[in-house]
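These notes open a run of structures that come right after.
Heads up, the next two complexes both have chain A, just with different partners, chain B and then chain C.
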Partner chain A sequence: MSVMTTLLGARAHVESRAQRRTTFRHVHLEKKPILLFGYQLAGEPFSMASVAWGLGPKDLHHVVCPEPRNRTLSVTAFHAMASELLPVIDKATSPKGAPQFVVPNPATLDLLGRWGRRFAFSETTGEWAVPADVIRLARLFFFLGRYARMPGQQLVVPLTDALSFHWVTGQSTLENQQLAALSAWIRPDDGVDAHDAALAAEHVEPGPVTDPNEDEKLATLVEAYNLARRASPSAAQKKAMAAAEQAIVAHWTAHLQPAWAVGWRAVSLLRSLEEAPTAPERWTDDVGAWNRELQRQQEGKRSRARATTRQLIWERQMLEDRQARLESAWIYDDPMLAAEQVLEGRGLRGKIIKVDLEASEKSAKGRTLTRPIVVIRCTGSLLPAQTRLCWASNAKVTVEVESTTRHKNGVDVVLKVTGGMKKERLPEVDDVAFFLRPPPAFIKRPHLPEAIPWSHTPEPATVAPLQPIDQDVEASVP
Partner chain B sequence: MKKSQAERAESVRGDAPRKRRSVRTLAAFGQNPGCGLATLAFTAEVDLDSYLQGTPMSAPFGQSPFAITRGLTFEANVKANDYAPLRALLEEHLDFPKAAKTKNLRELHEKNSAGMATRADETRSIVEAHVKKKASAPNLIDGGVLSAEILGQRWYFEADAIAARTSEQLRVGEMKSFPVVDGRTEPDKLGSALDQAATYILLLEEMVAACGGDPTTLVSREAMIITPRNMALSPMLSLQSVRSRIERSRRLLASAPRALDVLDTLSATRTFDPRTKAEREQAATSGSPSAQAKADAAAWQAVPAKRRLAQLDILREDVGNAYAPGCLSSCGLARYCRAHAQATSSPCVMGSAVERTLPGVSSLKRAVSLADGAKAKAGEQAVAQMLTFANDLIADVGGGDRT
Partner chain C sequence: MTNKTVVSKADAAVEQVVSRFMAGKDPAIVARAPAGAGKSSLVRAAVLRAAEKKRMFVSAPTNAQIADLVEGLARANPALPLVVLHATSQDPSYRFSALKNVTCTSKADQADAEPIVLATLDKLAYSADKLGARDALIIDEAYQADSAKFFHVSNLAKRQLLVGDSGQLSPFTTVDAGLWRGLAEDPLQTAVGVLLRNHPSTPVVPLPITRRLPPSAASLARHFYPGLDFDAATSVGDRAWVLDAGKGKATAALDAALNEASKSGWAHLVLPDEPVLVSDPAAVEAIVGLIARLFERQPRVRCEKVKTLHALQPKQVAVAVSHTLQRDMLRTTLDEAGLTDVHVDTANRLQGLEFEVVVAWHPLAGLPDVDAFHLDPGRLCVMLTRHRHACIVVGRASDADLLDGVAPPAPAFLGYEEEPLLDGWEAHRAVLDHLEKHRLFL
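This part shows the complex of A and B:
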């Protein structure tokens, strides 16, 4: 934990008021994102008990599966979701646009991935046949589940992550994973203390699993439904079944309503922040990735169960590269995050007290090179000589720490300009400036040896594609 | 444990809810050995999960009925037709003979301490038969009981499966109902299953040694984890080495006796039960064990929340506690401890990462005043300097309190 977030957290705790950690919002939000809540049965990680989505607080679509362990009922519920949700997704998709999903937490995102995995490789014929729409939606969910690993992706935004990136509360990281408590902490109702508001919100259930005590109630309802379902068919039996199903729907509706309100409140909290300059660029990348995936799916390409060693190395490097770029974009976009870098000894902030544009030095070959000197007065930072930094207002201006002098007014750091001195504007005296670690250089694909070296697990000649996994849980009961 | 200590532990519990020691309570103790209250509850076998039930501080965890049903169904599946699915797996992966002999110790004896002791004896004689390479020894034991002497008492641990080919290595198996898909599963759940198996392997090694066998050759250090594959409940078997977990388990078992030291820091008459003798006698019931348990639970719930919390305050004064946010998902007292930590604005409420950033600073309040320029005491200087620097920078960029 950085000193800065620690201080913000301590202040939040003591003053009962969440503190902003950033100046800007680093998550792009579409005008109409799809908010989605998903619930599974405990112990059944691939099941869908209840799912709700919509484009606004009043646009609520809710599908409940009365017995998620029964495959037929599951497929029916998935189909109901797919036939309503696919048109929404299609409408949001264009060469320049993609649907954006907002989910309460990373666990819900994982659940989407599992739902996707369940039906993405199913067939429309045979013993485990499912409607084509179910497969189509599942493939999109499966892709989103995998794409979620991409640093800075915004196709699916887990709200707990997004809120706790931008605000520091007076509670722990673990407690911040509960969306209701987290957003209550950030914006408690008028006149309510943040601690009390969070405590009161802890009973709201954003999913994907629910309180075991509530599950006891649901289990009784499901049992009644199953009893009615298995009774011999008659008008009375049909009526009993419908009534039992209605009771299950009511159970989930009661759970969903407070969570749904919390979800939209969290979205508007995020929206209240000003968007960071480079967040839209990342969204453009996401739109590209989404459209490429749609293309791939139309061509009928399948995902492999495991990547090859070569693919893993490339993928790992690509992820690290994305992560480094993302972190760099954050700090160059945002004064608060840049300040955190300075505190951690990875940058400088202060007032420019001297600029010498005529300064020069002799190169190894004896030529005279112009190397302007900039002196910055800081409060406390010390960086080793030769540390390379960039001017935050224009990263093309690169500097190197030449020397540091301590005096009673702070620390004067002499910076030698090593790049951008001719074409770019340089900082001027009295400017207040940040100097930060240079953005990551462009990384080329690593050159890999022809054969996988002995240090790595040998690759199988063929890697099997993923197989269907959908079966009936209920039918497994002996 | 000296006799007096055993009695002492009993009296500390009084008539507070009891949780008998098991591999789970041991693991819970291992999670936060620095916590006086948890250690005391562990030695006195107090059920902290029920302790605050019915009060605003009770924790909402437990097992969902859906998860329990799934577990039971999966076990029934694996054991159907004299363990046919399990035997098939052993045949396929470990080359077991088609006519593997099974023995169900669970069905043969009552599930009480006498039954457990008998099962432990029978398990031992089967293990001994394997050590002596007797061909008649069963190849698969369901509900084998392993035991260990901890805190002066015999503890019994029920293993899901112990399996061995005739004259070959003994193996420990754990049955879990979480599914494995594409060779992957939830790492937390798998981790605790492997920990459990590791404890059983450790105890089995001790049993083999006691029977005169060589545990290094006769007990496999690979755990057999039996889980459903994909969506349905048909079983699969995965083998995983648990060497390092066995060592951790060994250290944990060895550290258990130290839990008794907590009794020395406790005043002589302290107990978890806030009721007077007369009240307890009034609450005492007789009847069938299950009726009695129900009545006891009801009587406990009737004890006012205030008195239970006050009792915890007294015990905490004596032995201390060690709240961390992680307690919220594992300990029944977590909300009580959190409220206390919040009231004192202890850095621990924010988690260990924040605590580590504030060495020598007594509270979050103090951290804020240091940042605001309060004079630092000895030991606080380094942190204070960073905090004021942070505070200045935040003010400088116009950040912080702008919700």
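This part shows the complex of A and C:
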């Protein structure tokens, strides 16, 4: 935790009111994102017990699988979701647009990826055939699950992450992972204390797992359904089965209704913030990635079930580069986040008290170089001499810390301008300015060798044969 | 009086590595060493022995490590031609101007003609397509190199020697390492890790010695090297440092800590229990006060190399910290106290360096709770194994309480056997136990 979030957390606790951590919203929100809630069966991480989605609070679509451990029923439920959801996805897709999913938490995002993983590699023929739409949606989910690793991606927005990035509450990180409690803390009803509001909201279950007591209730319902399903066929059996299924649907609907309202409330909370300048650029990247993936899938190219060493080396570099660019974009976009950096000793903020445009120094070869001097008065600075910084208002203006003088009124830091002094406007006296760590430079990576080296190739004996995994697990259900 | 049994065991281990490397029956050999084992002398021995018959690459992760290897080799055999292949942006030739047998180039095709090429792993990676394969590749600090870096260069030679210190900080990432943990393809494994995972029959030769650490530190350092048995090369009494009584007033606890460190090689200076942020001004004040007092008391040292007492220089003293913010605070405050030559850096950047006296800002000092970063055994290991004479640990009274009870949960990954968090928990507890008899309260 940074000094700033510690301070804001303490203040939130004392005032019983969530504190804004940012000036802007660093997540782009489409006009009509697809809010999606997914629930799994306890202990069955790849199962789909209940799923709901929609483009607005009143546009609720809900699919329930009465017995997710039965493969046929699973495929049926997944197919029902795919036939309704795929048209929504297709409608949102264009060369300049992509569907944006909003999910309650990162765990739901992981669940989407697992659902995708389950059917992305299925076939439309053979013993384990599934409908083409199931595979198509599964491949999109599989892609989203992997793409979610990309720092700053916005194709899928987990609400708890987004809210706790922008607000600091008096709760712990763990408590902030409960969407209902978190959004109640941030915006309690009028006259209600934030702690109390969160406590009252805690029973709402945004998924993907539910309270063990609720799981017990569900288990009884599913058991009844299975009994009815396995009885010898008759009109009465059909009726009993339908009634049992209805009870399961009612169970999930009761969970979903309050969660659905909480979800849309969280979306509007986020929407109430002004969007950060560079968030749309990241959305453009996401749209590009989405369309490239669709193109790839339409060309019939398959994803690998398991990435190769080369792919992972490349992936790590890309993720690290994106992470560095994202962190830099945050602080250059947002004065509050810039202030957090200053408190961490990674930048300066203060009033410019002197600018000397004529200052110069001699280069190693004896040439005279213009090196304007800017003096900034701060409340404190720990930056050692020669630290390189950029002006937050225009990162093309680069400076180097030359010296630091302490006095009663604070600290005067002398900055030598090392770049942008000719073409760019420089800070002026009386400006209040931020100077921050330079944005990451573009790194040209070496080519990976064509041949996989001996050191990275397992000896044949060390590779265990893979067992087929997509089998009906109902056989093992008591 | 060096410890002859230990040294002869270590010499035998070096000989074993070099002769197996020369015999060429094993595609790869790993030499695993504790802190300060004299890895460079092993690399030197291997290069010198192979120099007549083999064309080879000698590599390491950082420029500083390459520069040290070059200087060592050039001194050991001034007739041996060495080529340093360097990045276009970093010409190191000024460092080697006195060494006639060293040439520097940034062009791969120029280097390709020469028998012995030294370059960082990154430079080799960028130049790999212009460099022909060679007989041998020697990598120093191979536990600091990750699998991805190794992937780039591993094809460059059929015979490889990987030398490294397994106790230091492992390669890290700014993104979630859990994405790949446990996979054979994990790009974040160490070079040694990926090699042993794919080729478990690769011989791993331990170097059973620490030449840097005094006997007082060797037993503690063993906590960081499970399965590696080693001893100090020096015996008790080979090294000593003495202090004057010192003029003027000083906090009694600071003087007591210095006395304890000079007597036993360790001191644990404990600040009162208080919840603090990583940027704790009281700890900064204590550390700077300690070092200022150290030099007020005219410290003099002697050791097995220089047997008469001579003044300890500020540049031979380092402060090890966990965060850059702590480093910046200390740097500024030390500079203001006139102690500009005292080295301050994060554990990551102190890896491989050696000092006479080290002050370690305990990673857990004043934390409200523990996490994987601060428990990392590699970080603590680096902090406590840089010194030749003594190490003074500065912490808070609540640090030990953090390690009471049960370790925090850590994610587990199929196929990933390591438990850095639990290892760190164990190591931290062992270290605090060990420091108990050297504890002084401020």
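Methods note: the second predicted complex is superposed on the first by the 450 of 478 C-alpha atoms of A that agree within 3 Å, B and C clash if a C-alpha of one lies under 4 Å from a C-alpha of the other, contacts with A are read in each partner's own complex, and residues count from 1 in each chain.
By our rule, a contact is a pair of C-beta atoms (placed from the backbone, for glycine too) under 8 Å apart; a residue touches a chain by one contact, two chains touch by 3 or more.
Only a predicted model underlies this, so the values are computations on that prediction, with no experimental measurement involved.
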| item | value |
| --- | --- |
| Which of chain B and chain C A:M4 touches, first, second, both or neither | first |
| Which of chain B and chain C A:I186 touches, first, second, both or neither | first |
| Which of chain B and chain C A:R349 touches, first, second, both or neither | first |
| First, second, both or neither for A:V397, with chain B first and chain C second | neither |
| Contacts of A:A451 with chain B and chain C, given as first, second, both or neither | second |
| Chain C versus chain B, contacts on chain A by residue | B |
| Chain B versus chain C as contact partner of A:A98, first or second or both or neither | neither |
| Touched partner set for A:Q171, first chain B, second chain C, both or neither | first |
| First, second, both or neither for A:M48, with chain B first and chain C second | neither |
| Chain B/chain C common contact set on chain A | 3, 6, 306 |
| Touching residues (chain side chain A, partner chain C) in the complex | 3, 6, 149, 151, 306-313, 315-317, 319-320, 323-324, 344-346, 382-384, 404, 446-449, 451-459, 462 |
| In the complex, chain A residues that touch chain B | 1-4, 6-11, 13-15, 17-23, 41-46, 117-118, 167, 170-175, 186-187, 195, 209-213, 215-216, 219, 305-306, 335-336, 338-339, 342-343, 349, 379-380, 432, 466, 469-473, 475-478 |
| List of chain B residues in touch with chain A within their complex | 60-71, 73, 76-77, 80, 177-179, 181-183, 186, 230-234, 325-326, 328-329, 342, 345, 347, 349-351, 353-354, 356-358, 364-365, 367-368, 371, 385-387, 389-394, 396-403 |
| Chain A-touching residues of chain C, taken from the complex the two chains share | 27-28, 122, 125-126, 128-129, 147-148, 150-152, 154-155, 158, 160, 173-176, 179-180, 183-188, 191, 194-195, 197-201, 277, 279, 324-325, 328-329, 331-332, 335 |
